[in-house]
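Each structure below is given as structure tokens.
Next come two complexes built around chain A: one with chain B, the other with chain C.
After this line comes the complex of A and B, so read on.
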């Protein structure tokens, strides 16, 4: 297990060497966040509501997605595509290491860095903007929310890894991923809470895995779901996680057959 | 110990490896055409080779580009699975890539690196310590040994990307040798290195082989590598083994002549020299004769009788020339 810890630590160290790059990226994240924040502040003056959200809840949702997406939507496992195309995958195949765990450990190293930064950013924004945030005090909701975020994190890792595996069949890894992730951010509720959409549309969303990446953990935090609803959602997301894992494993083995048949 | 030294480490029987290569016509039209109907061509990279290697041997694989050297190494290390034939390395089937097997081998590719680019080499070493589950004491001992041998003490804390190619190759070697692999595959280890560095690396490989009694298979374009390191060579051409044996025998077989270098004291006509034996080069006062091995003594007597010679040397044919001759052979 220690080997994977070291992989995480090395990834953290690696990010530190690209400080400027990383800081610029965070600046972009903060600007995006501010755009969304002020947009909603303007759209929804105090004492008005949209769906089940008043101003305080929607602002909490927006700031919350920023925090959670730095935890959930920040996987680099798609990098497997480049490793395949450059033939670097060979370096891992000849060493006694589990490649999934290796990539997951890299993700954790990366996420740790992201979390530190977004926590600092949000604290600063909080102190400057003093938004009327909603604070969840019920520990049950907090714990369930964290569980949901953890499942989301694993799900997203699988999704990204799957996208990276395109590399076994095509050198064009970047474009499909870019499109997919853009669409995914919308479906995950990264721009607005999904339940302000028409009911029938939202019903379909409920059975897609994307809903459970951002929207669902936040919804739990906001305490707007009854416990049975929460458990149902956790169950659906768990099933998706398992399905995605099986898909990833199958595709990986298929791809590896081609890789070891053709060589790079 | 005797039993150990005769232990078969690698056993390959009738190994074949065929690639399906997708063919595409150039240009946009070709791209669309290849989307609809793909043409594949079968390429026999390795075509029925067999050999055995015992523990402690240091073997040179030689062959021109695309001869099948790297494919063979990849089959032996488990990166490729064979189309047909049997391979056993340390008693394992390489393509199953069992961790027990992987822990005992290393495959160093001169053109690929496993060091973490943005971190100092030491970080990769420490990670490999955990990956190969090396104990603290063994790690320290092996690492210090390798650091001394390769003289890299002062670069261990510098980012890999800031190291020179030679320094990086040295660190690459260390990273791959920390677990003291029993079988070591070296694919073009000296590629891109300067002459001094090449020499150092060769010395290191030879030393390592003797000290740890590990089996080493090496491919190289530099004949000097093979000449200095390998007693046994396997020559591959068009996917087939065309020679397997001592390097000296290869020379005997394909280049049964020697070079006689003479330094003359008086200038003479070229014609006069050419009467004695075949002249390779003549630039007064130096002459190089190319003579069949069995006639060397006879011709030396002739030379010393007919010419006044200050100095005389007998040399083997340059290995490059031998290899050139071997690869000039038509496809079998």
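After this line comes the complex of A and C, so read on.
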């Protein structure tokens, strides 16, 4: 366990080493956040609603996606595909280290840094913009929201790792990831809360894993779901996490059979 | 004669870059598909937003789509022509930029036009089709409106050119390019919708400091007859000044270039 903590710490240190790179990345994140924030502020004046959202709830949702994204979507395991293609995976296969845990520890180090920055940015934005935020005071919803975000984090790691495993079969690992990020931005609820979609479409979305990455944890936080609905959603996301884990293990084993350490 | 030479160099470099892009046909198709998907998703988002809120800051749905289509046209052409800027950092840190300086043609031209990205061509067509459809739906378009729209689109490219020159100049001085160019992309993304939607001071910043409004919003507004002549003159002034400053900055960067690693 100690060695994985060290990996997480190293990832943190690595980020600190390339400070300018990281700060510029965060500036970009804030810009993207501000774009959506001001857009929603313009289209939804006070005393108007879109579906079940008034201005306060929608702005809380948009700012909340930034924090949840830092926890769920920040990652380092996107490098798995390149490590396979360059043959660097061999270095891990011959060492007494679990490659999944190694990558997960790297993800944790990256998430820790992003969460710290995100919290500071949101505090500054709150002080400057003074948005009418919704504060959830019910501890049950807060705990369930955190549980949902934790499952989302694990789910995203499995999806990300699976995408990297394409490297066993193809050198083209970035194009599928580009499509994935595009799909994710829309389907996870990064642009808007998914329940403003037409009802039939949203019903389909409820069974997709993307819904449980951003939209669902925030929806719990906003207290807009009854407890049975929350439990149902947590169950679906757990099932997805298990299915994705099994898929990742199977694809990993299949990939190892054809791995030739090409490039080393 | 000189133009012919430069056109030939651009054409040859574009052929080379295209061959590399199509080394993996699967990857190229996926990238094109991804770009179209990204375009479609934001369009769906705008349609959804308009349907749920009745009107976005007083604009009709087709006007909002026209703004978005214009943004895509202004956003895609620089990516098509000046894709080399995205590769520029590797030339500086490897020292290969030295070869640009010793060749018998402009290093600025080589740094900007070193191979166009043909994967952007489908997006160009898509933007133009959407511009024509949405303009037809808006109706009441005058010939002068179309003329000034074209002129302001050209003006937007001059601003984009200036910002790309500033980016590579920063690259020559600091070896930092990737984040600067992506920052430019993120800022211009704010122009996917009319900039006057944003509150002050943000809308002012996007007009006077970082001219996203002049690039993306002004052309669309002039076609709709919503832009006064004072703003049109202001747009030309900004592009002229910015282009001049960027060229001066490029000269300054070249004078201070110290050949990083060759």
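As a convention for this text, the second predicted complex is superposed on the first by the 259 of 264 C-alpha atoms of A that agree within 3 Å, B and C clash if a C-alpha of one lies under 4 Å from a C-alpha of the other, contacts with A are read in each partner's own complex, and residues count from 1 in each chain.
Basically, a contact is a pair of C-beta atoms (placed from the backbone, for glycine too) under 8 Å apart; a residue touches a chain by one contact, two chains touch by 3 or more.
Note that the coordinates shown come from a computational prediction; the quantities given were computed from them, not determined experimentally.
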Superposed partners chain B and chain C on chain A - clash or fit: fit
First (chain B), second (chain C), both or neither touched by A:201: neither
First, second, both or neither for A:35, with chain B first and chain C second: second
Partner chain(s) touched by A:127 [first = chain B, second = chain C, both, neither]: neither
Partner chain(s) touched by A:135 [first = chain B, second = chain C, both, neither]: neither
Chain B versus chain C as contact partner of A:18, first or second or both or neither: first
Partner chain(s) touched by A:94 [first = chain B, second = chain C, both, neither]: first
Chain A-centred angle between chain C and chain B, computed on Cα centres after superposition, in steps of 10 °: 90
Which of chain B and chain C A:178 touches, first, second, both or neither: second
Between chain B and chain C, more extensive residue contact with chain A: C
Superposed arrangement (fit on chain A Cα atoms) - minimum chain B/chain C Cα distance in Å: 7
In the complex with chain B, residue positions of chain A that touch it: 2-3, 6-7, 10, 13-14, 17-18, 87-88, 90-91, 93-97, 260-263
Interfacial residue positions of chain A with respect to chain C in the complex: 20-21, 24-25, 27-28, 31-32, 34-35, 38-39, 41-44, 48, 50-51, 170-172, 174-176, 178-179, 182-183, 185-186, 191-192, 196-197
Sites on chain B touched by chain A in the complex: 19-20, 71, 74, 77-81, 95, 97, 99, 102-103, 105-107, 109, 112-114, 116, 118-119, 123, 126-128, 130-132, 159
Touch list for chain C against partner chain A, complex: 24, 26-28, 30-31, 33-34, 37-38, 41-42, 44-45, 48-49, 52-53, 56-57, 176, 179-180, 182-183, 186-187, 189-190, 192-193, 197-199, 202
